[in-house]
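Labels for the chains are A, B, C, D, E and F, by order of writing; each one numbers its residues from 1.
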Amino acid sequence: MPFEPVILFFLLGVIAGLARSDLKIPAVLYESLSIFLLLAIGLKGGVELARQSLSELLVPALVVVAIGALLPLIAFPVLQRLGKLSRADAASVAAHYGSVSVVTFAVGAAYLANLGQDYEGYMVVFLVLLEFPALMIGVWLAKRGQGGSNMGKVLHEVFAGKSIVLLVGGLLIGWMAGADGLKPLDNVFFDLFKGLLAIFLLEMGLVAAGRIGDLKRAGAFLLGFAVAMPLFAGALGALTASLIGLSVGGAALLATLYASASYIAAPAAMRIAVPEANPALSIGAALGITFPFNLVIGIPTYYWLASRLEGVV
Amino acid sequence: MAASYTRRTLLTVVCESSIEARVVADAKHLGAHGYTASEARGGGQHGERDGGWPMSGNVRIEILCEAAVADAIAAHLQKTYFAAYAMVCYLSDVSVLRSDKF
Amino acid sequence: MAASYTRRTLLTVVCESSIEARVVADAKHLGAHGYTASEARGGGQHGERDGGWPMSGNVRIEILCEAAVADAIAAHLQKTYFAAYAMVCYLSDVSVLRSDKF
Amino acid sequence: MPFEPVILFFLLGVIAGLARSDLKIPAVLYESLSIFLLLAIGLKGGVELARQSLSELLVPALVVVAIGALLPLIAFPVLQRLGKLSRADAASVAAHYGSVSVVTFAVGAAYLANLGQDYEGYMVVFLVLLEFPALMIGVWLAKRGQGGSNMGKVLHEVFAGKSIVLLVGGLLIGWMAGADGLKPLDNVFFDLFKGLLAIFLLEMGLVAAGRIGDLKRAGAFLLGFAVAMPLFAGALGALTASLIGLSVGGAALLATLYASASYIAAPAAMRIAVPEANPALSIGAALGITFPFNLVIGIPTYYWLASRLEGVV
Amino acid sequence: MAASYTRRTLLTVVCESSIEARVVADAKHLGAHGYTASEARGGGQHGERDGGWPMSGNVRIEILCEAAVADAIAAHLQKTYFAAYAMVCYLSDVSVLRSDKF
Amino acid sequence: MPFEPVILFFLLGVIAGLARSDLKIPAVLYESLSIFLLLAIGLKGGVELARQSLSELLVPALVVVAIGALLPLIAFPVLQRLGKLSRADAASVAAHYGSVSVVTFAVGAAYLANLGQDYEGYMVVFLVLLEFPALMIGVWLAKRGQGGSNMGKVLHEVFAGKSIVLLVGGLLIGWMAGADGLKPLDNVFFDLFKGLLAIFLLEMGLVAAGRIGDLKRAGAFLLGFAVAMPLFAGALGALTASLIGLSVGGAALLATLYASASYIAAPAAMRIAVPEANPALSIGAALGITFPFNLVIGIPTYYWLASRLEGVV
């Protein structure tokens, strides 16, 4: 399995965090880098989208979203019945795993670029589309039959949330300006992408190391879930990709998206809409286990799976 | 001295950043005429909140107001947020100039 | 306990960042021996000041000093800045160690 | 009219602000980007200046400053008599419009680069020279016959203010080091310029959206002034450019400079020197109306004007 | 009003950032159940500390606790840090909700 | 002597600071840039190290560290006896001058690059190795015969301190990934290095200007020491380089390392381990005198010395 150097930055962060280094990435640098990454991913997707007939995207997008929406619906009863989590906790964790992680996606794309493996440029559209349905479903699962679901607030929180604004904003700007119009911006948004992703991963490593404490409270079931769920979701993603005829690279990325757990949009939305859920559980699992698992083991596995399935389906 | 003071209550709320906007809106609704907010870190019942990433940031909100308003806000915060959110709040007596502002 | 306390006054000023240097200089001139400042946001009579760009930032300045000095500073601020600048100031009683510092 | 993609970032910021998105560009990122932009503009100008005989610049510079100084003197009575603004407010607004906006200049330069239109490299010198006279005039207008003019403080505030320090410092470094000496720094100060300008404009869009409330207080007269004044000043700039024989690109940029309203140096200086002026009026007009107006409509108009005038004068 | 208050002591420490972790650890050791910290600048006996680079940053730490605990922490800080570090500390009386937290 | 433009940024910072400009580089930008510079230097060294047989480095490294350890041992009695500094102050100043300054090293490397002068890539390893022995020695000097030396805390403070974590982390990542693996990160970590170093030096100029007050307290002896010590240490470095057979470039850099005084790791470590030492003395000397001295005069001198010694030894 080939080797993706940006992951080393994540590991450095984890080690520094565990060694209680005084290395701290300033919160403002974290925010600045995440603004950059979200915008850049959006712009890149928009440029690709401009080369694409939108109408052809409609059916695949519907399929991807519909199958993706199964993920929280499958996760919820597992978490509630097998995991004995409270309804709110089960719903919140399900929402995190149903939604997607932008950084996991970026590492997946870097992994493919490293292999010289192409993928459909409009995968970013799927990234955007997959971000929020699971959050709605999570809120609905938590509040079913209770009234006062706060759904309006969640909708605003998600759609006016910075990750959607920057991804969709970048997508639109890229789409309107096209590759030529954005050329003078390439020095920043394309050339710096991977280096800044590396610094961001260093920070994520520090943050993930800080979640170790949460994992103790999470219990063995949740730890297992945090590994099993991405594998299951990744397999579903690879199958869905075959169904809609994606390339091997596209299939690996869709598997990565399904397998990834959100730790930007989902925690923010759940904190507002399902406050009785314990954020330590969902964040501990998503960031403490699933994120590193996907980086190191998951992505190569989903790629392998995608290559296998290609001939078959 | 030209300055003439009035007693007012200073309500300080330390809570997770994710609810800052709601706490401020609630306070205004209950009669506060202003507030001051600044970034904070900290630790308490809900563990360490070191501000290293967005979900672990705290905010420190100060509201100068009449004692009755401070009571109303504190009671509301207790009812609405104490169970589910990292939050601490306390009151102290201070002397203000221009009491009509508060 | 080894610690022995003295009563002093804590003067807190929240004002727009653009006059921080002047407020601190004035306070020193009127007898303050130190100050502590931190970035703040807020809202009041002069609208929301969210710190998003330089002209909308606030600063929170704290000055520990003798009551008479605090009175003098507060009176001076009232005379000099209240009319034209976003500013709030209030006093509270605190116990300090090493009273000779303040 | 050709299309300049960086403006889309500004629009994205405005929309996000109006939609009450939780997208916030951290204040520190704003400051960091403005340090970068000011330095980079200064360096670029300095490199160009090194190619130039300074003595030839003297007369054009004097003309540009002298005519530029008319702007606040013309604006003041209009604002005070027609607009019924108090003396302090009229003086402060006049100072904002007499001074210049560095970012508007940068967008103007990007617009020209997009068209492949050259301009005189020493325009940056005019930018620096135009920044402060209007501020002095504004203070003088506000304090005339009152005593206690604080002129000393304003002078220090302006000359030791960060925008002059960085622009002039960059100018001198660029001039001393020359194009060759700065070559190893080009990867940062030249190549990243446009991409970082785009991110800065995103932030300016958010800030401008936040000034909407101020505009209500400003009243119809000031709204009209915020559109009419840049058009008048732009025309004066294009004419002045003909007078001193600038190229079409140079004329468009000088028009842009005259037309632009300061929102970095002027607010800071006026707040100290004319505290009784209401900053909501001047900033609301300069940032809420004139800045977006110049970006979207003004710059192309000044360019058109400059092209027209070329043959004529 | 539903809210019922208890008197507690608020200990505020302003000191150089380099000892933040130790001050917080000491306070917990002496019985504090939580703390709030935020970045600060300032000036005093040890000169101006403008936060422009790591060695010149201050931190403002607040600890809500019982009076005896506050006394113990203040005495400890005085003994351990006052001689060698830039540090100020003061106590005030405040009313808290949920007194069992502190 | 050739001219290195990044120094102009430092001078601009000093002038702005002395002129009491309101220019402030936000603390977070300072931290972000120092994270970047440390990582980048580490990565660069790691890539070079991958080309190197590690076993051949062992003896030179031991020599460099052993002779480097003499520096604080020589400085301490001079400071205590001739300079009449208290034991704690003498030990702390000795530790600062025995340790090294990463930014001085970076400027030295830029100076050589400017001249087209090569140097051994593994100099970064020496940089890392030289950072901490002097700090241990300083603590030992301060606490000799007193008990309670806090050595454990210092060790943790240094080894888990951010400068070692980032340098060593970068070194390891560069070493593991190699030049090819890091290629996609070059746009950030290599191409931006010099421009960001320039901005960092601007900030250091502002900080150094703020230390002027400390210098008054330092007294004439320490001011002289702050110039004489780097010259002595630089000469020792050039000789040591001859001993182990470094190239002229390598010798100039080793001289620069010996001559440089730490102002990141040393102040932090001494503050914790030798609190009774007055930081104004050591930082005032290291940052207010030695750092600018090395930038402007020292580095060219060490290079000249290294060239001279080449033929001789």
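Note that in this section a contact is a pair of C-beta atoms (placed from the backbone, for glycine too) under 8 Å apart; a residue touches a chain by one contact, two chains touch by 3 or more.
A quick note: this is a predicted structure, and the numbers were derived from the prediction, not measured.
Where touching is counted per the definition, the chains common to subunit C and subunit E are B.
Chains making contact with subunit D as well as with subunit F: A.
Under half of the residue numbers at the interface between copies subunit A and subunit D are found on both sides, making the touching surfaces mostly different.
Here the spacing of subunit E and subunit F, counted between their Cα centres, is 35 Å. Mean C-alpha positions place subunit B and subunit C at a centre distance of 19 Å. Inter-chain centre distance (subunit B to subunit D, centres taken as mean C-alpha positions): 40 Å. Chain centres here are Cα means. That of subunit D falls 46 Å from that of subunit E.
Within subunit F, the positions touching two or more other chains are listed as 24-25, 28, 31, 192, 268.
Contacts with at least two other chains are made by residues 38-39, 92 of subunit C.
Contact annotation for chain pairs lists A-B, A-D, A-F, B-C, B-E, C-D, C-E, D-F, E-F, with touch applied as defined. Across the interface of their complex, subunit C is touched by residues 1-3, 5, 8, 10, 24, 33-39, 64, 92-98, 101 of subunit B. Taken together, the subunit C residues at the contact with subunit D in this complex read 16, 18-19, 39, 47-48, 50-57, 81, 83-85. Contact residues of subunit A toward subunit B in the complex are 24-25, 27, 30-31, 203, 206-207, 210, 213-214, 263-264, 267-268, 271-272, 275-276, 279-280, 283.
Taken together, the subunit D residues at the contact with subunit A in this complex read 3, 5-6, 8-9, 12, 15-16, 19-26, 28-29, 110, 113-114, 191-192, 194-196, 198-199, 202. The part of subunit F that touches subunit A in the complex is made up of residues 28, 31-32, 35-36, 39, 156-157, 160-162, 165-166, 169, 172-173, 176-177, 181-182, 184-189, 192, 268.
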